[in-house]
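The following blocks contain the structures, represented as structure tokens.
Shared between the two complexes below is chain A, which pairs with chain B and chain C, respectively.
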Partner chain A sequence: MSSNRFDIEINGKACSAEKGETVFEVAAREGINIPTLCHDTRLEPAGACRVCLVEVEGQRRLEPGCAWKVSEGMKITTESDRIERHRKVLYGLYLADHELDSEGLPVETGNGNQLRELAMKTEPLALHPVEAPRAGRPADENPYIRFEPDLCILCARCTRYCDEVEAVNAITLANRGSQTTIATAGMRGLLDTTCELCGGCIDTCPTGALVEKKSPDPLPADARKVRTTCNFCGVGCQLDLHVVGTNGTSRVAKVTSPPPGETVNDGNLCIKGRFAYDFIHHEDRITEPLIRGEDGELHPATWEEAIAAAAEGLGKVKEKYGADALGFVSSSRCTGEENYLMQKISRAVYGTNNIHQCSAT
Partner chain B sequence: MRKKGAQRERILHLLEEEGGVTEDAVRRISAETGVPEADIWGTGLFYTLISKPGKRVRVCDGLSCRIKGADELFERLAEQGKECERVSCLGQCDRAPATLDENLEQVCYGGVERGVMPDDPSLPMNLGGPRVDSYASLEKAKEIGSDAVIAEIEAAGLQGRGGAAFPAHIKWKGVRGQAETERYVICNADEAEPGTFKDREIILRQPHLLLEGLAIAAHAVGAKNVAIYIRGEFTSERRMIEKAIEEAGDKISDLDWKIYNGHGAYICGEETALIESMEGKRGMPRLKPPYPTEYGFRGKPTLMHNVETAACVPAIVERGGEWFKGLGRSEPGTKLYCVSGHVNRPGVYELPLGVTLDELVEVAGGYDGTPVAFSPGGPSSGFLPISARDVPLDFKSLANAGSMLGSAGLVVLNDTVDMVMATKWQLDFFERESCGQCAPCRIGTRYLRRQVDSFLADGDPDSLEFAGDVGWEMEEGSICGLGMVAAKPLESAMKHFPEVFEERSSE
Partner chain C sequence: MTNSIDEIRDADLLFVTGSNTTEAHPIIAMEMKRAIQRGAKLIVSDPRKIWMADVADIFLQIRPGTDVWLLNAMANVIISEGLTDNEFIARSTVDFEKVRETVAKYTPEEAEKVTGAPAELIREAARLYATTKKAGIYYTLGITEHTHGTDNVYCLANLVLMTGHLGKRSAGMNPLRGQNNVQGANDAGASPVFYPGYQRVTDAEAQKKFEEAWGVELSPNEGQNLNVMMKSVIKGTVRGLYVMGEDIVISEPNASKLEVGLNENCEFLVCQEIFHNVTTQFADVILPGACFAEKDGVFTNSDRRVQRVRKAVDPPGNAREDWKILIDFAKASGYPMPDYASPAEIYDEMASLTPKVAGISHRRLEENVMGLQWPCPDPDHPGTPTLHIDGPLKGKADFQAVEYRPSAELPDDEYPLVLSTGRVLYHYNAATQTRREAGSVAKVGRNFIEMNRKDAKRLGFENGEIVDVVSRRGRVDAEVMISPRMRVGCVWMPMHFAESRANLITNDAGDPVTQTGEYKVCAVRVEGRNGNGNRNPERQRRA
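Moving on to the complex of A and B:
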């Protein structure tokens, strides 16, 4: 086993590494920053953005840290004049192919823009725009996901995510060279594809080329994240609610997943968890128990009163028609424990086997 | 994700049968194969022969065809009401200007005599001689065994003829030494480096040498399957290979032979892009390592050779590695040199590796006009001034001269050619053929072409201010060889012909 663990050197520092790891993984553990745009820990390394190129002793060319496998005694350099020049020109090329703001920086978006952050750290070469003929899908009427071709760097994180993580394959790289774009079959709107509108493509996009239609712009500076558990089903995905405004007027403006590797959902969400948050502030939302009175209207009540009213009503049915006149259906939004309790009420309290769960059909 | 699957491998062929990418075709193929529609759409649109349905005439855009009137021919054909399209080099530079008709059959407007060496049995490939189809070398190879065959290849010093000059025996040993026993031999017949048409001539004139060389290689490395990936524009060449496999019959039927069509993508000449294409994917080069000898077609050990490399093998087995090595002048063996442009008899000439340009052109009937520049191995090699006429045309000497032999597709330019315009034509090619996977190449090729266009329009030298930086980054940062060399035409033209650029600036 010992031969699987060995030391490598990064910028002169000895780092413990394991066979099969990449330079990027070892560096990250050691707190050494190797910038990247196309890497996502949930995906196979693509080595396509070229931002993470490092010097590997003995190799003539710069090599991608995200994909380069470590071996014993390997010597890596992540900062040098050569790498600095590489970054300046590479970022310059990216900027020549990107929508810029009035200061000449990649535009900020509601989904961030990591290229902007890189460009602020290393002054890119000022190159003329290349005006790449990259097609978008402006007529796509899906309600959630928007693709901005002028912000796309073709790192293919979205298409790889759709394939490798979701196995949905709704989007693809299409065309070639400078015409390469993110497409659907027939350039149809996402609603007419296999897309499940999970929005994972937005989540993985590093430059805001994919944004939420409901939240396309950067949130105000005082926006804060509130961690919660999604209640649409029993999986227990963690959500970060992006809350804007102060007490009383605060609203959820966007929902994202915690980063990959931190919670049970590993950075992923479904259409409901990510996009179906409008109910939170809906005027018709019921926020307290209601009991229908003799007058036929619903009246606010306490939980104790409501539960007592339900128990009484169920008891009367059983008394009059027998236990099997009752049936219990629990919601797919319940957890396993809640479903268990529901069948306990059905069988042990009321004495009927008429128990069902809505997602069991 | 490296997806494998027999169904996936079929999609390009099915798209070809459907006549190109349409929504309906994609839907049908998806239903038949289970491959997602988007994947079929995106893969199909990578390849120019199937990305646009419908039939049209294709007019070559290569340097040799441009200087022999391809632009005028295009206009003439368009005036005749033909639907026409400009396409990257068709590998018919000796018949410039070259075209393909609506059914991808070659149509000759050049009317030039096709140059080739006269019959000489002492030449390993002897393209001008009678067809060799005895398969005696294959029999001998089976008798002497794999180790002895590989030893002869090593003694011959055979270097990969596709352009990289990688020692062949190292690949053979690499594949043979793998633990995995499912192995493949692939012939790279995706000949598409502009100026190059030697593989075409081998296939048309000595197809059995190619098959025999591949069969010897397959037996030596323990492969049962041989695949030939031929560029989609080579219609008659494909027919020739099919016929040759049939003619060879029992002699090679112990191996499983399969021909794959290319679909219009220069990048598929890069070995890992070629494999991706065979697997039914966009022809985007893989990251290396792992190399194909370890992880190739279907993830299995794969020996891949250029047509010419394989065609050298029978003679080496028959007459010995030392003999082959001795045929070369500065490097081992003979070499098929393609020469076109401003020479009197363009063609493919088998000469000792390391002859000079003057010697080559003498065989090719002499210079047409006053030569000023040449491109030794397609646009990938950039330009050299005619003063480099004494540099041995071999891999090492040309590399030392800042160029490369590559696939030995030499194009000679005389003083009627505007070097800045010639540079732009070469940059056009790389922009069109970049796969788009990595930013240095995808953006860099377009940037350089646009800056040269801008310089051509107004002569402002500032247009080219950052060309050197961008070229440097393309070489340092691109994934594959295409991006690494795509700035060469501009870089070399500015280096060797600074006066041409200065003249334009001062106008």
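Moving on to the complex of A and C:
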């Protein structure tokens, strides 16, 4: 056994760990849940929200599990009366500076609110609300991302994501004390910053303070998720399409990434993958087969007519000039199966190897 | 890609060339950013000072089209300083001597004169690349869209082979594919020279196999690739086209000639599309297809990963899934195409004829959330994240000695600027999808031409001024964008805008092997509308 691997104990259970790992990482691997708001596996630990505090034997204070590095023989406790008392006070402090609903619980947007879930598990200490004039950007005209300052807990996941993962640094923590907020340079709208509208800030926000403007908020309860592959570039990001409505009227109303660590995109998407889905239901879609008539104009036709016209038209060209006077342009935008069929048609039906797609352009 | 996307984060060196990764492959760029934050070194070579160049350890801002000089000079340094992996060369390659002889004259000092990149930086880049174990090359169309695109690729492959950066994690030779399924389309045999799975149409045994499977005689002759096909339309030797899901007119170089060909020579054009585009204006029949959210199937990404596409909603109106349209079309053409009940059955037929993906099926993809990477020869095979990791896939790799050839059209008095074209983050190719998206349009709403401040000043242009960009083949309008990213004498334009089509002026001179057009280098002048800008010398002489 290398000296970099050793055992630690979490809640009395022996767990194998590696030098450099954090308590949070080892616990997650062992299926032990340590609650957190500010941690995201794609980011360096910040230890900012204090939700993940654990007892470390030999340490006087509670320590943040997300940032605390393991060492040989370390003994960790993740649930105890002391931790529970800490959480009660901590959640109380968060709630005193948070928009609450009529039941006194954190308001939930379409992007969920994990603080609400935590507060429902551990009754927070009741504290007087604090006056926190946190500035938003109500005039921001960007079409996708809305900031709800009263739901922000200043964990800085969004600003750290913007810095560490997307690396464009469009947003930052600004001001001091109770006025601290998520700001842009000069509080400009996101369109006038380095923001690339990837929406990763929405995805990482734990309290729904960042919300998608163009999706219903919240999505209807019967919305369903369909896992698929993005149709833009060649990275192959996995998407969850959120579909609302039934049968003929169903629509893609939101797109999110599967969680970090599950797929090739590791929880990330770009502007095209996350937001550029309006084309699916756009009124300009071609919805009828069309045949060009004697008048030179395109006219709607039935599928039978259009398919017959297509086969007859290409058939005549083959008759007159031979199979190699035909060209089949398949599509790197279509599925593998469709490409297989297209080349089979070119070769087996029409007898030519003049089949290609845009891979050489 | 020989390697996988998730290996990038563990790389110790990234050599990014001819790839504006943050804009064209933003999620791969995030993996690169992660590697850089971990301490990986970054070498960028590109005519433009792209985002990646700003964070690079070494940035080689070369003149467009001089890649062979740069890459041969790097090979020269690696060889002359004894940094080659001789064991790998002996074990896995042939013809190294040819490259050694050829690159001998490509010294960094001479390379500096041609490329504009300082000799000392070329040396440093070569040393860093050769001496770092986990060193990967990442490239895209900036390498291939030249009349010497194949040569550029050979030069990169030479670097990989002489340093043995192959068959190892986080290394290798990694072309980043442009479209969602361009890899899968090639894999499925949408190619003039290959049946599915890269089985040659000129191989009599492969031909026999497919003749038996499909029940017909097949042509033993190689077909025309897209670029040749389009030239045949212009010449009138191809007279009927079936175009599915591509706007050939906006995408092909020197588009006005193709338009004439489509009008005068093409007797029948079938388009299968989701939106009207420039090409559908010429169509005799338009078949409305389905977008990715409306059908089942698979896409194969850059790292050879086959992943599911799942139907979420119905196609609009009477539009239909493309695979269903193709089955009906084949039947109407008199061929007994089977009544496949689903794309899963179509995939099974392809897999049964294609050893590379024989082990992949929709059923297995349901169980493998991360998809399956080919080669995957049997149903128990886990797929292949890193090619050649258990030794070469077959035989030995050939070194290719390559001499520099200048680009087909170089600047002169009449057309004094070098134009390269490309893509921006916010739009996708012909942009029929992204121009219908508010955020994309808000960020980039119209065609623009990037130029260096010195050129703009000399030509009397203000930022935002509308100008005409003129080549021997045509003229398009664009908004001036003064940009510190550009070299003096070089301009850049995106290809997305149907009303200001960059491809009316690009050069259709093709690479001798692939016939890929020279989108990255053509000569232009930029005319202002108030008497400013480059003037036509002819006109001046006459006046």
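As a convention for this text, the second predicted complex is superposed on the first by the 286 of 361 C-alpha atoms of A that agree within 3 Å, B and C clash if a C-alpha of one lies under 4 Å from a C-alpha of the other, contacts with A are read in each partner's own complex, and residues count from 1 in each chain.
Basically, a residue touches a chain if its C-beta (ideal position, glycine included) is under 8 Å from a C-beta of that chain, and two chains touch if they have at least 3 such contacts.
Predicted model only: the values in this text are computed from it and were never measured.
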First (chain B), second (chain C), both or neither touched by A:120: neither
Contacts of A:356 with chain B and chain C, given as first, second, both or neither: second
Partner with the higher number of touched chain A residues, chain C or chain B: C
First (chain B), second (chain C), both or neither touched by A:14: neither
Which superposed partner A:143 touches (first chain B, second chain C, both, neither): second
Which superposed partner A:164 touches (first chain B, second chain C, both, neither): both
First (chain B), second (chain C), both or neither touched by A:47: first
Touching partner for A:94 - first (chain B), second (chain C), both, neither: first
Chain B and chain C footprints on chain A, overlapping residues: 164
Complex contact set, residues of chain A against chain C: 141-144, 164-167, 191, 196-198, 214, 226-238, 241, 243, 247-248, 250-252, 258, 262-266, 268-273, 275-282, 284-292, 298, 303, 306-311, 313-318, 320-321, 323-361
For the chain B and chain A complex, residues of the former touching the latter: 1-2, 23, 26-27, 30, 36-43, 45-46, 48, 51, 265, 282, 287, 431-440, 442-447, 450-451, 454, 463, 466, 469-470, 472-473, 476-479
For the chain A and chain B complex, residues of the former touching the latter: 44-45, 47-50, 53, 61-62, 64, 67, 82, 85-86, 88-90, 92-94, 96-97, 125, 127-128, 130-132, 153-154, 159-160, 163-164, 169-180, 183-186, 193-194
